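We just call them A, B, C and D in the order they show up, numbering each chain from 1.
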Amino acid sequence: MLVVMKKDSTEQELAGVIRKLAQSGLNGHMSKGMERTVIGVVGQTYPELRDTLELLSGVDEVIPISKPYKLSSREFQPEGTVITVGDVVIGGDELTVIAGPCAAETEKQVLDTARAVKAAGANILRGGAFKPSTSPYQFRGLGKQGLEMLALARAETGLPFITEVLTPHDVELVAEYADILQIGARNMQNFNLLDEVGKGRKPVMLKRGMSATIQEWLLSAEYILSQGNRQLLLCERGIRTFETYTRNTLDISAIPIIKRLSHLPIIGDPSHGTGKWHLVTPLALAVVAAGADGLMIEVHPNPDQALKDGAQSLTFENFEQLMQQLAPVAASVGRRMPIKPEEEHGE
Amino acid sequence: MLVVMKKDSTEQELAGVIRKLAQSGLNGHMSKGMERTVIGVVGQTYPELRDTLELLSGVDEVIPISKPYKLSSREFQPEGTVITVGDVVIGGDELTVIAGPCAAETEKQVLDTARAVKAAGANILRGGAFKPSTSPYQFRGLGKQGLEMLALARAETGLPFITEVLTPHDVELVAEYADILQIGARNMQNFNLLDEVGKGRKPVMLKRGMSATIQEWLLSAEYILSQGNRQLLLCERGIRTFETYTRNTLDISAIPIIKRLSHLPIIGDPSHGTGKWHLVTPLALAVVAAGADGLMIEVHPNPDQALKDGAQSLTFENFEQLMQQLAPVAASVGRRMPIKPEEEHGE
Amino acid sequence: MLVVMKKDSTEQELAGVIRKLAQSGLNGHMSKGMERTVIGVVGQTYPELRDTLELLSGVDEVIPISKPYKLSSREFQPEGTVITVGDVVIGGDELTVIAGPCAAETEKQVLDTARAVKAAGANILRGGAFKPSTSPYQFRGLGKQGLEMLALARAETGLPFITEVLTPHDVELVAEYADILQIGARNMQNFNLLDEVGKGRKPVMLKRGMSATIQEWLLSAEYILSQGNRQLLLCERGIRTFETYTRNTLDISAIPIIKRLSHLPIIGDPSHGTGKWHLVTPLALAVVAAGADGLMIEVHPNPDQALKDGAQSLTFENFEQLMQQLAPVAASVGRRMPIKPEEEHGE
Amino acid sequence: MLVVMKKDSTEQELAGVIRKLAQSGLNGHMSKGMERTVIGVVGQTYPELRDTLELLSGVDEVIPISKPYKLSSREFQPEGTVITVGDVVIGGDELTVIAGPCAAETEKQVLDTARAVKAAGANILRGGAFKPSTSPYQFRGLGKQGLEMLALARAETGLPFITEVLTPHDVELVAEYADILQIGARNMQNFNLLDEVGKGRKPVMLKRGMSATIQEWLLSAEYILSQGNRQLLLCERGIRTFETYTRNTLDISAIPIIKRLSHLPIIGDPSHGTGKWHLVTPLALAVVAAGADGLMIEVHPNPDQALKDGAQSLTFENFEQLMQQLAPVAASVGRRMPIKPEEEHGE
């Protein structure tokens, strides 16, 4: 952090800044002789220190020069994080393909979808048991019953599963069932929830908030990491912009940016990122071409019967086509498709 | 909701839409003879029904024509909601002026601020005990100890107080102390939290999410109202845009829009809405001129010593000036300033 | 501008930066001894120099510390600019109220509106002769014929008029007729047009672009000022955000910000800023309460017959009510309403 | 367009709407018997008709159901537009790769770059002679001299070139030299300029405006097409969002959306779309994977010496690597790389 003093600042004002820094356990190295005096701040700063320093007399501007996140940064850990879930390795050469229905609705729907996505080559199952819903009058998920359906599908197919947890109180329950806990976009700054999943040891996938900058996203990751849980995966799922044709604007540039700034694996979710099934495949190809570690795709046996997010769900057939189109793209950027399982789970 | 069929849709496709509606307990009234066939949907619809219907064969577009919120709408309740907290009436002719520090830090800081804002004419005290914080390395509030400081300040000054609750688990505790529960911008779609405060009977203030449309905001209000709690107040606090000079862009148009669409009282928060103390007063005047029921203003004895949000906090002196400038503006739009208390509370 | 070197940067790299600065006619003052070496750049910099310096070996970050605009800044000219157009003084104590139809359609429409807005207290007439239109199939204005109608209305009522100019080629023609040339939001970065109106001596009103930051807006102002034309007025008319209820989001915080950063007068346009007539009056009051020098309001004899922007136009009656409501608000912030003319122009 | 009447609308109000439509040369087909009466509008409508109809008494809402653009739509022309420029076919199986410096600076710089990008496999040269520049104090291009440098490079290498035109007055001059005229993002709604390039027969590339919706972009395309010029190409170059890490947010979803809605070829510009050279290659791969017809890439012999946009320019070596990485991705989505020329132009 650099404190830029006003042109006409006094010695007293300079001393005031140094004093204020000392109160926060920080040192200030003064540098005069330029157009203005600039004070370099040494020590662990945080975003809001800037606000405080800007209020001091004689200060013109305060400029952050180091990043406010640490544990999530590639400076802190140069090699990429690798997460192992059952037989699946996230963050390695093999793509992670998470697929399944938006919400678990019936045992048959979950089982049929799990079998279909496995057959097409997905290596992780998704499905919502606790669903965030914009309106109180909509479907909000089956809760524990949904978790049981997903667990059954795992037993049948061998696919580990990921499911969303909405509130700290449910973390224990969801962690009993799920292989990966999902923090949804609306909860990216639900700090109590971040703390709670950070205290556990189940892998976590943190989705980017709808209006979160990349820096804020990494700060939310920092919450989880700083509680001790290092099994963390990020998911870009689109940001809110003025464009109305799509539900969100999938920010594919976030993928190489995260790869540069952080060691955490990152996948893309073109289903939520676009909101329209016919855009899912081209955006999925783009996500992988841009260097993502994987994809998350909504698949439903009958999208027009789905209780939630049917418009962005692929049919089994469309998902299979996506996987076929994906294979050469993955190869072209040096990624392996998930190895198709040997169907040993009784299909 | 209107279902617009494609130009070349068939009778079978029409029948399919009608059948699908019937499954959801809705009726469809067909209307041919126009350029295209349009089906009017009768019954209580919800946003995601649109997605489902758009997937049906022969459907070109689905258009919502009624609003997805009900209990929060002015159609449902033409007269404005009035909330009574102690001697304060929110939603009447008298402005509600909520003022105080971002966070409760020390007993002295809270008490001094409470006395100062009361003397200047505020009628409700604010102060954070549980603070959301972008970084895990920043101050997150004093918790219960902070609540006790605020309760003490209430006892001393007679001012009721509002404070934020971050997670369902804390609702009971916070409700024991506070007069109004605040749901912050980051939690506007924390639906479990909305449910929880909706089950209680303490008045709630729901801030608009950083990237929430007005319709989504009213749907979040609907969560609280539909649980039975009708003591609900809204607060516009700025939305996220591309402009970087301000922390957020205060959307003052939201004030007359909410007045038109809803019966709920609405106030404005120019402190968070701008992030800069020197913009607070002009925006506060604008908020009241636009028809708001009140204001929420951050005030701190020493903004440059504040643990949080100092840059947007007013000094006691600046807050007093704001109140003086506000008085004629309030009068010019037919609002009364809060009656200054008779200092009967031992100051 | 500050050049922050990487922690491990070498002497050669430092020398490279100094050399690069020298090539651009700038000096670099080095300051070591802090956590990192920082080079202060002395001389007139420009935004893209930052990009260039960031590419140099050993450079970590380049940070602008002075503003890239100069002639439009309050540092350059502490006292506010005052523009005199006929009897109207823009930027003084008296509010400037510009009113009239979106587009000049017929002689009668223009004359009737001019008389009505004058009677209600407006002091400048507006009306479009050259209209930007999103679709090529819509009305694009009457051109010279429209200018003649506006000139006739000026002759009849004594009101000076403002009208938009769309392209450099038309500047001469429009300047022959109009008292103030308007640069619309879509042309805020039409730099050839800015040059052209900058070369003339007719007062200019520069609207903010739909997605322009305040800094970009002031840089566009700089184009006009640097060509020699100092008769410049700014107009906030709403920015593009994710909210869809309003056509744009009127950024009222821009008003006190411009007052702080610049000496140029600023007015607000709640008609384009909201796109809905029923929001115009509350937002107009807010604009004035926030400290604007005036307003621009669309008024039409029959909004439902308007060829353009009827939905945001006020009827004569609604405009008269707006002016009545505005008077006490203006007074409450120390502004005088325009003096109503003595009707000496034959009405 | 559908006009939805209020629940309690009267026969007179219905008749008023029908009358109003008739005045605009449109028919209205009434359809009662639903929850509300809905009037279907038959005939060519335009966006602002909606505003006008919404003002009529008894009208609740007006809903567009047909697209306001026509000539640019895939309904109008199901097969994709193909543009032939010299030996290059845009919109076919072969990718179009446009590369070159942001601005033409010196003969040597342009020639060296043209040779390098040709050798690496680009098939069109880019270079700015007239440059839009946010600040009046920055480099604005060499004008005619720049055009001559580009023409010389074309003569030397055989590469056709594209360059931007900023103002209607320059269209004739630029068209004399260039093979394709570029309309930049800032001019997407410079309607006089659109008219002017629409009247000519030189191919045009229309970049998306920074805050333009896809519909507005296609309406701007409509301006050019409706003047008779059908040689039109679109270019996605990023939209303005709240994210500050990138200069813009490249909206890759626009590529499959344009492919669906329109017959016009579309390419992506990851240089402007990100503003950082190290993001160009991953985003270029993503653009092609998503189905684009080509790319536009900034390349400079010495990015750190560039007069403009050095930070987003690739070196010759980096561009060559990009092309090598692109080849398998292009193949994986069924596209051919441009055929490398037989170096017959004296290199």
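The rule is simple: contacts are C-beta pairs under 8 Å (C-beta built on N, C-alpha and C of every residue); 3 or more make two chains touch, one makes a residue touch a chain.
As the structure is a prediction and not an experimental result, all values here were calculated from the model.
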Pair exhibiting more inter-chain C-beta contacts, A-C or B-C: B-C
Relative orientation of copies chain A and chain D, as a Cα rotation angle in degrees, nearest 5: 180
Chain located farthest away, centre of chain B as origin (C-alpha): D
Inter-chain centre distance, chain B versus chain C - centres from mean C-alpha coordinates, in Å: 32
Computed distance of Cα centres, chain D from chain C, in Å: 27
Whole-Å gap separating chain A and chain C, where each centre is the average of the chain's CA atoms: 40
Multi-chain contact sites of chain D, meaning residues that touch two or more partners: 211, 240-242, 244
Residue ranges of chain C in contact with chain B within the complex: 211, 213-215, 239, 241-246, 249-253, 255-257, 260, 273-274, 278-279, 282-283, 285-291, 325, 328-329, 331-333
Partner chain C, residues of chain D touching it in the complex: 20, 44, 46-48, 50-52, 54-56, 68-69, 132-138, 140, 166-169, 186-187, 189-193, 210-211, 216, 219, 222-223, 226, 240, 275, 277, 303-306, 308-312
Complex contacts: residues of chain C adjacent to chain A: 2, 4, 29, 31, 33-36, 38, 40, 42, 60-61, 63, 65, 240-242, 244
